[in-house]
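Take a look at the structure set out below.
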């Protein structure tokens, strides 16, 4: 059976990546792509890589055809998903939201960090969190709801939270991490993470040959990481911009419990992480001593993890590499949709990056 | 039916791209990958993007298993193919050679430009030239030979000749081009074109933020372009290196016949090129006024063409963009193999680049 | 003696480069920098590299202080120089214009290529053309005029015309080039050439890892190149964009006179070019067989030239590398000002790029 | 008075940057440049940016002319400085060592981290540590020694330690930092930091469009940072490689003393840092809310610092941006030499980067 789907906000980077994946997906048929700015324009005129491959044309976000689809992916800025999701859910459409609007369980936290009211808090209790490797039960429940005709809203995890949480969660889950003290997350993103908007920061001549930190101590992914990992007020998250297009590396330094220091080798840790991620096709834990390169995952839905233990300072350093647009956005949303629609979670998703 | 295939020289860039394509190919099963330098090493240890995807391990070029395969792709430097092809052909293996060894029909031309003896000139008469859009009959004949049990040797076109010829051939074929005077080909390649060898030129700190011409008036693809296009001693080919990994753009300036100047619009030319490449799934002729970007084809087997006419100076400027490792090497070889084995020529080949 | 100078349009890339050079110049004192968009903003807030180095603040283009300066550099788009130059000249200010407004000697040609009226054609007869290595007499005359109290207007050459003309002019001057047939100029520029405006083309994620031709057969530097070189309706100019910030390489293919073909070696040509550029401190002719890399000139006012001869096709291939913002814009303007004010032409100008 | 100087290891990246600076230095005359690999080769043939600027030719490291110079800069790998420094000191030459050989005060620590014997421990007690902003007294003493005819050996700080320490030292000095718990240093370097050697990691096609951590929990700059900052066994240092040529950003997360949390604003911290670095011409503390970009310091000896306070997690996040080859290597060595020879510390050193 083929399900009919649409992408709202398909002219942005995450949206265009969704289009790439959905066009090639064997079980989803992409019927509608919307963009208010590019309504009426052919997809291939905005993204020439689709030339000769797809004749889709953008419609506006208010395209009534959306309401008759099986699923809609919302690749819009925050608040726009709040505006659009309720009606789609009422129409029986499964909604996979890539924005931040439904990620934070507590609407007060949302309002504090995003400085805007949460207009649909009633949806938070039942939304599924879209990070399959760590919140698989949410998605199983969503699949059951869909089968039962109940509404399905999946709040897909953000790019930084995905890489960070996949790197940190097993250590926390195993009880290796000290119960107080900062957990330092320094992450590096490619420029697609800054979005398609042309501005001084995304200008080639600013971004090339330079690195910088940004939104230090105030990036909105901080509370999302803390919520996923259960680390209230402990995460120091510093994102950096580097001159690459796609790719995201998160370096997480976790303080060990005193009794663990000295007793844990990197090899042990690798073995435990591999056990934790057994049967998760997109997560690969590298051998001790090896570190992931973002280029090894770009274009794919894979996440590669590197692990090291510093017995001197008493910490784990865990690194996670993903493609911010794929596993950090569009790919993860499709992975969630696969699960919700009862398909193999790998369905239609690239397993590997180009070798070079 | 699934055919068993191997890649000789699989640790180089073109070889690794072949591995990427063949692993995902529905009708070819990749059984053997060889590398003398990396024999015994796992593929994923050399190219971490294969981590979790393939357990293949390199063997040496003398792996006896090669002789029992249906097809072997030679992704080796010139002279190495001369050394290896004859025995494989004798063993009944179809050989797809990505090197220059069998491209030039005249062994004297080969010896002059490559400064080495041609040790298998007897194979030149019957080899097929591997550029399906321009030498389709060669490949049809090769497919018939294979069906009849006769040897199959395909000399796949080089990267610069592919982009250049796809851009220039229709204008020549249509009789628009003056019969004397230089045809100027200025092309730009990404650094993968310089190969995997680490040296002063391929060092990041040399190649980044710089462009340069190289091998000016003496690049070995010159006689290959002249042979394909029938332009003896008329091609001035200047290749340039630019700071990108994959991607190749060839800008070809063709002098028009006097009677054509003033009578030919870019729109006409686009229409004629589209007719010429009708039914060729990988070639896309852009509208007049648009120009191809290499990023729009990277990772795919597509070629995008741009066309302009300069009535003042009396020339056509035709540009062709390909991925040098895919349509310029591995993808084209798989496309040729698809035809030889009776499959759809698109089989297993990516039709589009990532949108960003 | 120190001359007081100003930069109109100092917030753009060429303007900021002028500021960099003039701040460090021993004989010019930079008093005024203007930008309509950034009036009232500190220079260091727009370009943080000036932090701790300069306290200059932008004023508007109508800053009355401009009229009392010794010299003003106009780093504005075309038509804006037409609007501003006459009043400055009337006020006795020497004007160095980096725009295209006064480059073309024939106002009809200007109006045809720029599609706008030329509002000050009376200034064209006496303006000096600012390309010191080829139009030294213009600048000597301007220096005499300045000394005599007459107005001084220098129309500085464009970036592509500078690299192209320095590469091609000696061969033409020596009578080596055939008197008909296209002269093909394929040039590659870094993204600063597209200006500081943030748009789809200058977005990092568009420009990185890609090359493309643009404005094919219709770039406005075409008539400027033809005027400098005396090649009416013979220049086919195709500019390309590559993923670097600064740097410009022009590859010029010049058809040889029949009697020259076969009689001219690259070594001869190098020797003749060196003679032609004897005593020109910024032009360096590389040995035969070597090619200039743009990174070797970036940040400096140097131009490096490479020369090759193709006896088969009967052409010279001459390549010229410059920094588009320095020798192609700001540095050349300062070089012209040095000459006009009777200083050593090297004064305050960087002679070399960083080695890496 | 002009001092005669030499550079040992001048063909490497730090060495070539020394040559660039020393050629333009008004008080040092560069007489000798050595390279064992390139002995006999002209500087401009290895680094074409010197073409037309310098006629220097490399000699071997054993060039006897070194012993008669006033100062020698050692830009060689560790152990090579151990081998060469003693004889130069005996000859009365002031030695500025850019290697790690004399940085660590405790030879046991050196031997543990570098896995090689320290063959000149007797020189450690009197060597000066070359980081003028934090060890000014060392250099004052060295200047006195030189004036008195005593030997002068300056162990210039490493690139990561320089950026990290300039960012962290004031907070530690002011007593803001908790007395236990990890101090996390995540730093990002351009590829010149990996050296001129061509290998798989420095290949353009590996380094471009990718980021990765390396030498996690075992980089040799860790004990150097701990020594400078007095943070024994507390520094967790994770270096990363990003696709830029020059530039280094260090992001340091320092746990605050409990009594400081909540009482310290970013504005306070900026004011205190500015007081700390008053009269230090190369260090610029940005306004609260701003972050340094490496491109704003590349090519110069500047260090830009950004400061943020996270009251939730109780930490300072301090970022420091330098040019790894200039302030992180060659520029710092020249700055030290300026002080030792009684010159203005800014002498011959670029104060600013190109604006773009």
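Chains: A, B, C and D, in written order; residue numbering restarts at 1 for each.
One rule holds in what follows: contacts are C-beta pairs under 8 Å (C-beta built on N, C-alpha and C of every residue); 3 or more make two chains touch, one makes a residue touch a chain.
As the structure is a prediction and not an experimental result, all values here were calculated from the model.
Q: Quick one: which chain's Cα centre is the longest way from chain B's?
A: Farthest from chain B by mean C-alpha position: D.
Q: Pick the pair with more C-beta contacts: B-C or C-D?
A: B-C
Q: Please tell me the distance, in whole Å, between the geometric centres of chain B and chain C computed from their C-alpha atoms.
A: Their C-alpha centroids are separated by 38 Å.
Q: Approximately how many whole Å separate the CA-defined centres of chain A and chain C?
A: Computed from C-alpha means, the inter-chain centre distance equals 47 Å.
Q: Taking each chain's centre as its mean C-alpha position, how far apart are chain C and chain D in Å?
A: 37
Q: Mark out which residues of chain B touch at least two other chains, giving numbers and ranges.
A: 13, 192, 196, 205-206, 208-209, 243-246, 292-293, 295-296, 356
Q: Hey, which residues of chain A end up touching chain B in the complex?
A: Counting only chain A, the residues touching chain B are 13, 16-17, 19-20, 47-53, 192, 196, 208-209, 245-246, 281, 284, 286, 290, 292-293, 295-297, 299-300, 302, 304, 325, 351-356.
Q: Help me check something: in the complex, which residues belonging to chain D touch chain A?
A: Going through chain D, the ones touching chain A are 181-182, 184, 186, 188, 190, 205-206, 208-214, 216-217, 233-236, 238, 240, 242-247, 249, 251, 253, 255, 291-296, 298, 306, 308-310, 312-315, 317, 319, 321, 356.
Q: Within the complex, which stretch of chain B touches chain D?
A: It is residues 13, 191-192, 196, 198-200, 202-209, 243-245 of chain B that touch chain D.
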